[in-house]
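Labels run A, B, C and D following the written order; every chain starts at residue 1.
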Amino acid sequence: MTATQPGLADEPRLRDLLSVFGQDGAGDEPVITVSAPVADLSAAVRRIAAHPGARLADVFVATHETDGPVTLRLIWGLDADRRYLVSESLIEGETYPSLSDIVPGAFTEECEIYEQFGIRPANGRPLNRVALPPWAGPDWPRLGRAPTEPPKDVHAPHHVGGHAFEFPFGPVRQVAVESLYYGLVTSGEELVDLYLFTWHKHRGVEWRLRGMTPGDALFYVERTEGLGAVGNSWAFAAAAEAALGLEPPPQAMAARAIALELERLYNHAAATAALCQSTGLVIGQAAAEIALERLLRLNAAVFGHRYLFGVVDIGGARADLDAAALRGDLPAAYGELERAAEALLSTNSFLDRLEATGILAEEAARRLGLVGPVARATGLAADTRADHPAWPYGEFPLAVAVADAGDVLARFRVMLTEAAESVRLIGEIGRTGAGPGLALPPGAGPGQAASSGLGWAESSRGESLAWVALDDTGRITRARLRPAAVRNWRGFDDACRSQNVFTDIPIIEASFWLTVAGTAR
Amino acid sequence: MPLWTLRGLRRGIVTTRYPARPDPSAALLPTPPVFRPDVLTPGLADRLVAVCPSRALARDGDLLVFDVGACTACGRCRAEAPHAAGDSGEFELAATVREHLVKQIPLGGRSA
Amino acid sequence: MNPLPVVAGAAAAWGLATLIALTCGSTRAGIRASCAVSGLGGAAALAGGVSALISGNSRVVSAGGSVVVGTLQLQATSLAGVFVALLGLIAVATALYAPRYHEPGHATGLYLGVFNLAVLASLAVLVAGNVVTFLVAWETMALLCYLLILRRPRQREVAAGAFWFLALSEVGFVAIVAAFVILAAKTHTMQLDLIAARAHLVSGDWRVTAYLLALTGFGFKAGLVPLHVWLPEAHPVAPADGSAFLSGLITKLGVYGIALFGFVLLPDGPAWRGILTMGVGAVTAAIGILYALGERDIKRFLAFSTIENIGIIVTAFGAAMTFLAYGQRLLWAFLLLAGLYHVANHGSYKTLMFQEAGVIEHATGTRDMDRLGGLAHRMPRSSVITFLGTLGIAALPPLNGFVSEWLIFQGLFQGFRTGSHLVAILIVLAAGTLGLTGGLAIYAFVRGYGIPFLGMPRTRQAAAASEARQPQAGPALLAVACVALAVGAPVMLAGLARAMRTITGVTLRPVLLPGNLTVIPAHTNFAGFSPTWLTVFLLAVCAVPALIYLAGRPRGASRIEPVWDGGIIAFKPRMQYSAMTFSAPTRVMFDALYRPSVSVLRASDDPAGSSGPVHYESEATPIFERYLYRPVVRAFEWLADVVRPIQSGDVNLYLFYVFAAVLVAYLVAAL
Amino acid sequence: MMSQDATGPAIQETSEELQRTVTRMFGRSLHIRTLDTGSCASCEQEIRLLAAPHYDLHRLGFFFTPAPRHADLLMVTGPMVQVFETAARKTYDAIPDPKIVVATGACALGGVYQPDPFTRGGIGSSFPVDVWIPGCPPSPLALLQGLLVAVGRLADKVKDLDFALNGTPT
């Protein structure tokens, strides 16, 4: 039921855009696939980037065989037209026209592609390491062939002679937080720069998914980013379903939606607790943690797992749903969060730490292609639940929470508004009768043609994307996972650099509420 | 700040009495399965081994080797054979010796 | 006994050393010989200075002379004794230092010759008995120091630094001449002791004018703010022993001049004279140390620290004059004493520091602190010696810097004895400024020692540093001197107090030193401490942790683990404090003074501008050069353009100039 | 008190011995340092919740410390990503002896990832593990029980469960 609203199909602007690629009319499909030859790729990228409401959501490469040509795919979110546009370009050589010159946010992906497939943008600019350690040699396991010479490291920012030095922090940091290396570059007083190394946690998930059936792969997708299990596995499942031509039954989609909103709720509660902790407000933290624990127990009561693992399945939803528990416990559990939140919003010492901290401009959010609450807090009203609604979201109009200050307080308020919205949605969707159910694969298994598909979901951290290519035996040849964390970490150092007090960084990190696991997948 | 302290006090105690007393919320937790040797046949065992995504199950002659440590309580085996695998409801599984978590379950079922 | 013959011996030795250096300085043996002789001269000067202190002012000796400069008159006064002794000490240390520091060669021979002559000239300044002798010696000394700085004239900044020195020195000379002319004219004598005797003939205004001229003139040499700009320019470019001599002695000659005018020639004057001097001194001290904190070049850093110390000394002198104006003769004498003791102390440890700076530069090829690091492991002996010097210069107990600064503080704290509230407040204000200076000085020298010697090397050169074949004896001797001046402080102060009686006429000794090695600041009802016993006590205290460790060290098996680093693969040199980041807090706090211009360059790999190397610079604005000296220079250039026309090259015109000049002279004389 | 069973006396010896040591050494105050070797972040969330009001492990004498120097117990989550092993080893060495290593969660026990070029597939090959806590993620209650096992306040009862039902399935 991944159909969009009718009546948008022949929107003239969109038709102009598609005519560039020699297509007339978009049809009703939510995903439009076009092919853009490398020769005029730059022109095409410029054209699409100029399209109103268009953002480059992801860039990745898929190999056909290890040493042959590769396909470069750009995934654009045409939010105004409620479409995703996938442009495919076949690349024979070692290079392709630089994308980051036009869309700066694509730099990280360019680095990643170079690391994994050894092909680089034509501009000779140095690239950074993303997923692999400094000593990763040519024989390191990769998705494609190794680059001819290793990518440059994120340089030691402190040159001898500069009046700054690097304050190393991590990878082993505070208690019960993920491993992450911060390089804080400081002049002794102000924070000059900040950069992150996340390769300590790179588990090569995309690498190990190759050759699996989507069903087996789902097990790893869920465990790629535990705090985003539903969002990511929904996106992945949707991609696989698009590839296999499955249509999950409505009650299963409703179950997914409820799970997704529950995930959003507990994540925002957890973020609230983390904010209190980073501002040293112990009792506030306790109050938020009571709410968090009750929401997690609600998850367990409703879907049988505190973190909602195993809810989504390819073609539907597996875990059955205890609607009574949902109706019974949700109001109380959310009430805890609500009370804690309103008390926090009336505590000045708390608000003072949040206000004007970690400011991120809308322009920066747009430039870097940020998503989710972080982007919405800067005034970017992007939410796939509203822009690319899959059933049941299309049925229930969603009020997208937006703030414009772009600081920690704005992010906090956005989260709280979203939490309230989620509770409303759960109530309405719950009435449509949600439950487990699986679509039977039409002609699944051997014999079917190789196919690929794109899937998405609005996880609590923002848009989560997945793209899956299956061979004729229904096994994965290339799976691309793009959790929201992948996009949003690149906005983190900008937000920190707007600050020059070290003690604000934990607050900013809490307000982003990202996971390292999500980006170092 | 006094206001917050007051709130904290007014909220009352939510802390579990565990380990002194069992905690009711434990009932909600996903737990590893228990198997019925009398209905486990080699064929069924192989099917269970095949569906287990975390390689917690293995076949060793006429034994079903169940590594509780590797089990993620995903429930796939229970879904595969509800009559042969039930819910253990057991969450206190910590062991000081890894081997204690590996269970040998005889396949007592009659192969059809 | 009369010190003059001994001093004359020193002079002779230095003359000989000059000859040796000039003739056979291109061989190592020649350098050794020259330095040996010069060292003997230094020893003689040391002896002469001490004997001058013991035996008080000698009578004036007229030694020939000529019609041009008049008779050459010499006198060894006990005030000069302090400086002569210091000169001797520095000469010996340099003689021990130079042979290993300099490569044999013609230029070196020339340099050493000039150096010995400069030493000789400085001696002449100190023992000059009359105005002309003094002025001739002074000018000679200035020119020779100019040559001293020009060791490597090819380099641009060397020429610039040397020129800064010479230019300011000449401007100062004019003021000094004027000051002496006033006194000579009013007292109808050229002889210094007679001028002192007839000082009452000089009326108040002339007295003050002369003093102020002297303060300005000698201030240029001493490096009083804002007349200090030559120090940070000239010190880095001179050879290490040369800059050691500049800082250790030449600046002290300026102090000598100020003391000569303020205490010997014109002892009494209005109170504001003293207060002004004190204020100038305090400002100099504070600004000196603040600029030192902004420096990365070790030698520039040390030069600014010299300015700070000069400021402290001059503050003491100013306070002394103020006290005299209020009839506090005891404190007057006491502060003069304290100031002179600081002269000796600073002379010893600053020479040490500059010589070690030379060692570091030779061992690593750089003076930039941010390119050094970890030298303590590679140059252990130098690091120990430098550490002693650092303790002294940071005025930390038990070393000598602490003793003299403590005395000065105690003197200032007794400002209330002036009886005038305003003056008392002003004096305490000066004390407060010195307090700030002292705190910043500790900060500065924690940085000055820690960044080069501790941590890990920041460059390959620093990692490859070695102190083999580096001069050690000279700095070591000075370190010993520092310790001696600290531990033996009571004895030396007693001797000094006795010697100063010939100037002040105040018997300070019994009040200062009642016995059992305790120093009392002038008034027995105020304060007192014993440097000697403090040293013993501190050593004992240091023993305590060692004992605790020995007592409580684990009996069982123990592991040595590296410091917890958060699990990063390896610490990099870039991950440690650098000189500039360490002093960043002051840059922020004293923003108004530094006016830092911050530039962040991101050589970005990333069009999103969120990664890639950053290069962060924060440069302080050179306020005095920019807002004080540049306009003056511009004005002079303009003036030069204006007067150029009179230089026509026509002989008749020049004859007319001469005629006009003579005419004017006659008219003036007639009126 | 533990009953005899197939797992020989040697193993039993070690477990009893560990429990004795732990109780002797740490009594009722034990400081925990956590280590993430590539987890999915939900184990971390559960560990954070241990300090939350619902579980409040401080009442049992456990405390979290960020400094391994002060830690007695290392709680390791994740499958041990190979490039992280240096950091993990450093952390382990930085903890003074005697120390306890608790493998937390199915990843750490080798349930999710297999040994491959990226991960070691569990931490067993990297550390001498004292206590194993299954679960994906182990709930705070399971973690509490694991910690109590670590200090020997609960009998090591898991041996006696055989995970085989005789009779009717529940």
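Methods note: a contact is a pair of C-beta atoms (placed from the backbone, for glycine too) under 8 Å apart; a residue touches a chain by one contact, two chains touch by 3 or more.
Because the structure is a prediction, the values reported are computed rather than measured.
Colleague: Which chains does chain A share as contact partners with chain C?
Modeller: D
Colleague: Among the chains, which is located farthest from chain C on the basis of C-alpha centroids?
Modeller: The chain farthest from chain C, judged by C-alpha centres, is B.
Colleague: Is the C-beta contact count larger for A-D or for B-D?
Modeller: When the contacts at A-D and B-D are counted, B-D has more.
Colleague: Between chain B and chain C, what is the separation of their C-alpha centroids in Å?
Modeller: Distance between chain centres, rounded to whole Å: 81 Å.
Colleague: So the centre of each chain is just the mean of its C-alpha atoms; given that, what is the distance between chain A and chain D in Å?
Modeller: Whole-Å distance between the two chain centres: 32.
Colleague: Can you compute the centre-to-centre distance for chain B and chain D, using the mean CA position of each chain? Integer Å is fine.
Modeller: Roughly 17 Å, centre to centre.
Colleague: With chain centres taken as the means of their Cα atoms, state the distance from chain C to chain D in Å.
Modeller: 66
Colleague: Hunt down the residues of chain B that sit against at least two other chains at once, touch-wise.
Modeller: 14, 25, 29, 54, 72, 74
Colleague: On chain A, where are the residues touching two or more other chains?
Modeller: Only 171-173, 179, 219, 286, 290, 306, 309 qualify.
Colleague: Among the residues of chain D, pick out those that touch two or more other chains and give their numbers.
Modeller: 53-54, 68, 87, 90-91, 112, 136, 139
Colleague: Give every touching pair of chains, nothing left out.
Modeller: In this structure, the chains touch in these pairs: A-B, A-C, A-D, B-D, C-D.
Colleague: Quick check: in the complex, which residue numbers of chain B touch chain A?
Modeller: Of all residues in chain B, those touching chain A are 1, 3-5, 7-8, 11, 14, 25, 28-30, 53-54, 72, 74-75, 79.
Colleague: Can you name the residues of chain D that touch chain A in the complex?
Modeller: 32-49, 52-54, 64-66, 68, 78-79, 81, 83-84, 87, 90-91, 107, 112-113, 116-119, 136-137, 139
Colleague: Spell out the residues on chain A that touch chain B in their complex, using ranges where they run on.
Modeller: Contacts found on chain A: 216, 219, 281, 283-284, 286-287, 290, 297, 300-301, 304-306, 309-310, 318-319, 343, 347, 349.
Colleague: Considering the complex alone, what residue numbers of chain A touch chain C?
Modeller: Residues of chain A touching chain C: 100-101, 104-105, 107, 125-128, 134, 152, 154-173, 179, 181, 185-189, 192-193, 195, 367-368, 490, 493-494.
Colleague: Which positions of chain D touch chain B when the two form their complex?
Modeller: Spelled out, the residues of chain D in touch with chain B are 7, 11, 14-15, 18-19, 53-56, 59, 106, 109-112, 114, 124, 129-136, 139, 141-142, 144-146, 148-150, 153-154, 156-159, 161-166, 169-170.
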